[in-house]
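Next up: the structures, one after another.
Presented sequentially are two complexes of chain A, the first with chain B as partner and the second with chain C.
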Partner chain A sequence: MADGEPRLVCFSCNFGWGYLADRNALASQVKNWIPVVCTGKIDITHVLDAFKAGADGVLILGCPEGECHFQDGNIECKKKVFLLGKLLEDYGIEKDRLRIELSSDPDGSKLPQIVKQMTESIARLGPVKKVEAPSKVA
Partner chain B sequence: MWKTDSSGASRTEDAVMQFLPPCQIRCPINEDIQRTNVLMSLLPEDPGQAKDGIIQIGDYLYEKNPFFTVCGYICGLCENDCNYKTRGGAIKRRLLKRFLSDTYTPYLSQKKPLEVTKDKGKVAVIGGGPGGLMCAYELSRRGYKATVFDSNEKLGGAVRYIPEYRLPEDVMDAVVDNLVRIVGIEVKLNAKVGEGGLTLQKLRDEGYKAFFVATGTPYARPLTFGTEKVEGQDLDGVMYGLKLLWDANRGEVPSDLYKGKDVVVIGGGNVAFDVARTARRLGGDVTVVALEVMDKASKDALPADVEELEGAREEGIRIIPSRGVRRISKANGKLNLDCPLCTSVFDEKGFNPQFECADCIPLDADVVLVTIGQMGDRAFLQNEGLLNDAGRLQADPVDLQGRVPDVFIGGDVRRIGFLADAMHEGVEAAESIDRYLSGIDLKSGRAREYGPYDAPYRSSYKEEPKHKWVPADQRLNFNMFEQGLTLQEAIEEARRCITCGPCISCKACVSVGIQEELTPAQVDEDLCCGCKMCVYVCNYDAAGLKEVEGKIVSFTDELKCKSCGMCVAACPSGARSLAGDRTPARIEAVYGALR
Partner chain C sequence: MADKPKVAICWLGSCGGCDEAVVDINEAILTVADATEIILWPVALDYKYHHVEAMQDGEIVLSIINGHVRNSEQEEVARLLRKKSQLVLAFGACACFGGTPGMANFRTKEDIFNWVYRDSPTVVNPNDNRPQTKCTVDGKELTLPEFYEQVYALRQIIDVDYYLPGCPPPPDLIVNAVMAVLEGRLPPKGSTLAPNKALCDTCPRNKTKPDKIGIKEFKRIHEVEADPNTCFLAQGILCLGPAIRTGCGEACININIPCRGCFGPVEGVEDSGAKFLSSLASIIEAESDSDLQKVVASLADPAGYAYRFSAPISTLVKKRV
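And then the complex of A and B:
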C-alpha cells in the first residue's frame, strides 16, 4: 500500500467463479488474480508468501459448502484460513486481512465487486505493520 | 458456447480392463455420463444463454446415442448402479436427459446431415426398432449403404408400444425421422421379410452383402397353465394387452373404451402395468393379477419397476399377487377367471411356477388383457436356417453371428432386454458386419472387462430431489404425468454428481477450460517422510503408501488422481507436486510483481 491503493491478492476457484466469463476480460478487471482449480489446493505458504511479498490482504473465493467439485476442498481451505487467522494475529497482522468467501459466481460479475469491497476495508486498516517476533506463543 | 474439444477427449485406448464410474458400466452403450453431467452442471442459469450449451452437450451425446432424447423418458438403467443411490439417492440421469431433450428434440430437424461417402456396399437391416436403427446408423457412418426393412408402417419397433403418458410420440418421431435423414438410411416400410417372397436369399441376389436381424418380439405370448394353453383365451372380451397398447398409441381407441367395465390384466412386468394404466385411463376399473409377490427383496418379486407400482396404486389399480390363472370361462355376461395360489415362481430350474390348486379364488371381469410376455417370429428364423438342431436361435454372444455366416442377430429377438441393450447389440452387429466384410477376425478385442469405482468420500451428501407427478386424480388422460426438470433444477442435479470415474474417461474440466490439462500428483520419494497426511486428505483414495528400499513413502494411483492439489497443500515435507501444473509459476509472477 504505502501510497495509493491497498494491494489484494485474490485466489478464486475455477469451478465456482467465472467459468462462464471471458477470463482475459476478468483478468484485466482484477489485479493480482490467481485462478486455481480448487481452493483446497491453496497452501498456507501461498498465503504467508503473499504477505511477505508485500500484499496488504489475501482474498480466497471458493464454492459454497456442500458444492465443492472435489468434495471437500473448500472446507479444507476454510479450516486453514481459520487457523491462519490466529497465526497472523500473533505476528501483528490483522486477521481481517485474510478472508475466505464461499459462494458461487458463474459469470464472474460478483468477483470484481467483492475484491473492491475488501480492498476498501483493507484501506481502513492501513499498511501492514512490519513483522515482529510474536508477543506470545500461539 | 464452450470451446469444447469432443474429438477423442474421452475415448480411451482399448485396455484389457477399463475403469469407469459404475453408471457408465451399467449403461449398455457406455454413455459418457460423467462428462456430460459435469458439462450440464456448468450451464448458465439463463435459459436463453444455456441453449447453445445444451445443444453442444446434445450433439456430443448424439454421436454415440442418437436415441438419447428417448432415453430421457424411458431409460435410467445407470441410476440402478449410481454410487449416490446408497448415499441419498441416485443422480436422476434420466431426467437430466429429458431436460436436454426439451431443447434438443425441436432442434433435431435442423441438425445437419452427415456427409459420408457410402462406397462399402449394401447391408440389409431386418427390423426398424432401436436395435436395427442403431446398426443402420453405425454402418452408415462407416460408409455402408444401409437399408432397413420394417413390417410396420412406422419405424420404432417395441418403443411404439410405450404409452403416451410415459413417452410422447413426437419425441420418438423426431429421433427416427431425423436419424434416417441425417445419416441417409434407406427405409422400406410395410416390408415384412419372410413374407411375399421377400427372403434373405432374394436380398442377396439384389446385392446385399450382409444382414442384421433385429425383428424383436412382436407377438404376445398366450397364457399357459403348466404346459397347457389356458382355456377361454378366444372368448369375447379376452385380448392380448400388447394389442391395446398398439391401438391406443395409434389413437384408434375411444377415450372411454372401458368406462364402467371391470378390467383384469394378467401379468406382473412393466408391460403389464403399461396395459393396466392405459386401461385405467380409458375408464376401466382395473385389477392386475400376477404370479409374483409384492416384496421387492424376494426372488419372486414383481418384475415391474417400483415407480410403476407406486403410480398404478395411486391411480386406483388393485394388485393381486401370487395368483395364476388356470381357466377363463363365461357366465351371465361376465368373464370368470379361476385363480389358484402361486406358491413359488422361480426355482433352481428357472421359471417354474408352482401352484396350490386347492386354494383357488374366482375373479370376474368384462375385459381380460393377457400380458405375460412376448415372442419373436420363429417361422422367419426357421425358414432362414437360423435355428439350430435343438430349435434354438443361434447367435454368438460376442460377435452376434448367426448360424448363417452373413447373418448377424441382436436385440429382443436374440435376448429380451431394454432399449439400450438392443442399441448396444445394433452397434456390436455393425462392428461385426464391418469386420466380416473386411475379412478381419470377428472376435479379437471384443470382450471388454470393466472395473467400477466407488464414490469419493465427502463430508455431506444431498438427498435426491423428489419426483414431481401430477396428482393421481388428474392423471386419467394420456398426457405426461411426470414433470421434467427446470434449467435450475437440472444444473443442481447435475452438480450433485460426485464424478466417481477416472479423469481419463471424462476430461470435462479440460474441454471447458477450467483445467488447462490433467496434472496428476507426483511424489519426491527423497522428501517424503511417510506421514500419511496425503492418504488422510485425499477423498479419492488416490494416495497410498509403499515400501521402497526399506523406507515407507507415498505414491499416487494416477487412475484415481483428480489433479486437485489437496495432497500437495497437505504435505508437510513439500514432497508432492502436480505434474505440469502452471499455478506455481502464476503465483510467482504475481508475487514477483508485488515485491
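And then the complex of A and C:
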C-alpha cells in the first residue's frame, strides 16, 4: 500500500465466476486475480502467503451454497475464512481484510465492482500493521 | 584423547530441559562420553567460551545447540560454534522453531519491557529503569547483551545441518542422532532426525476416530474430563496430531494430554499452524453462519494453540529472507 493503492488478492472459483467472460479483459481490470478450480482448494497457507507477500486484503469468491461443483468446497472454504479471521486478529491484522462471498457471476460483470468495493473498504483500514519486528540479525 | 571426535553441547535461550534430556539417555551417555571428547557443556562442565575461540575452525565435529536466540550473547555463541564446528544439530523445539518463548513474537519488545519493568502489579520501579547494554557504576563500565526485537529459531541466525525437535527430544532419538554422527550414517543435510509421519499415524487412539468428526464446540483440556482412550478431536478437544511430526513416543497422549506440537511440522510443510487450522476447519460442523460464528468463538487463542512452538518460523512472523 506504499503507493496509496491497497493491494487486494482475489481468488475466485472457475465454476461460478467469469467462465463466460473474456479472461484477458477481466484480468486487466482485476489485479492479482487468481482463478481456482474450487474455493475448497484454497488452503490457509495460501491466504497467509498473500498477506506475507504484502497484500492488504484477500477476497474469495465462491459458488452459492448448495451449488458447489465438488459438493461443498465453498462451505469448507467459508469455515476456513471464519477460523482464519480469528487467527489474523492475533497477528494484528483486522479480520475485515479477509472476506468470502458465495454467489455467482458467469459473465464476470459483477466481479470488478466487488473487487472495487473491497479495495475501498481496505483503503479505509489503511496499511496492514504487521507484528513483524525489524530484523536485528543479518 | 586427542583423536576422539570433539563434541560441544550448548544452551542459548533455554530452560535447561534439553540438557536434562541429554542426561536422560541414562547409561548410553557413558558410550557417548567414551567415544567423544566433550569440549563445551556450560550446564554441566567448566569449560569456557575462550577455550572454544582458541580452537581451529571446524575442529569440533558436532555442536548440539539447544534454545532460541533473542539476545546478542546468544547470537555470538551460536556464530562461534558454527565457525568451529563441522556439523550443527539444532536440538529441541526452541532451536528448531523458536519454541514456546517464540510466542513472545506476538508482542513487541516495547510491550514486553513495559509489562516487565513498569506495568506488572508486582513491580516497584519508580525511576522506570530499563536494562541498558552499557552503564557506568563507580567509574566502571558494565555491559549486558542486547535484547532483540524478536525471538529467532537457530536456522534464522546460522546455517544448521540437522534438526532434532521435541520439548525435550526423547532419549531414543537423541542416542540415534549422536550415534548417526559418530558412525557416519547421516541423511542429507537439512534433515530432521525423526520420523516423517504425522502424529495421528502412530497415535494409539487413531482407531477410535470416527469416519467423520463434527465439532460443534471447542473444549479445552482442563474444562472437561477427557476419555483416556478416545481421539481428542472426536471429543472436541484441540489436538495438533494431524499436522505435527511423530517420534515423541506419544508421551502426552499417553498421559491423556492432547498434542501441543513440540515436534513441529511434518516433512515438506513450513507452517504447521496454518496446515493445522486448515484441517481443523474441515471438521467444524455448522448449519448456518451464526452456528459457525459460535463454534469459532469457542476457540480460545487460536494463534497460541496453532503456533505454541513455532511462532518465529510461522508465515506471518518469520524474518523475511
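Everything that follows uses one rule, which is that the second predicted complex is superposed on the first by the 131 of 138 C-alpha atoms of A that agree within 3 Å, B and C clash if a C-alpha of one lies under 4 Å from a C-alpha of the other, contacts with A are read in each partner's own complex, and residues count from 1 in each chain.
Keep this in mind: contacts are C-beta pairs under 8 Å (C-beta built on N, C-alpha and C of every residue); 3 or more make two chains touch, one makes a residue touch a chain.
All values derive from a computational prediction rather than experimental measurement.
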Contacts of A:N32 with chain B and chain C, given as first, second, both or neither: first
Contacts of A:D90 with chain B and chain C, given as first, second, both or neither: second
First, second, both or neither for A:E76, with chain B first and chain C second: both
Chain C versus chain B, contacts on chain A by residue: B
Which superposed partner A:D43 touches (first chain B, second chain C, both, neither): both
First, second, both or neither for A:A55, with chain B first and chain C second: first
Shared chain A surface residues [contacts with chain B and with chain C]: 43-44, 49, 76, 80
Chain A-touching residues of chain C, taken from the complex the two chains share: 69, 75, 105-109, 146, 148-150, 152, 156-157, 271, 273-275, 277-278, 280-282, 284, 286, 289, 292-293, 296, 299, 301-304, 306, 315-317, 319-320
Residue ranges of chain B in contact with chain A within the complex: 38, 42, 44-45, 456-460, 462, 495, 498-499, 509, 512-515, 537, 539-540, 562-566, 568-570, 583, 586-587, 590-595
Contacting residues of chain A [partner chain C, same complex]: 43-45, 48-49, 51-52, 76, 78-80, 82-87, 90-91, 93, 130-137
Chain B contact footprint on chain A (complex, rising order): 7, 9, 14-15, 19-20, 23, 32-34, 36-38, 40-44, 46, 49-50, 53-55, 65-73, 75-76, 80, 106-107
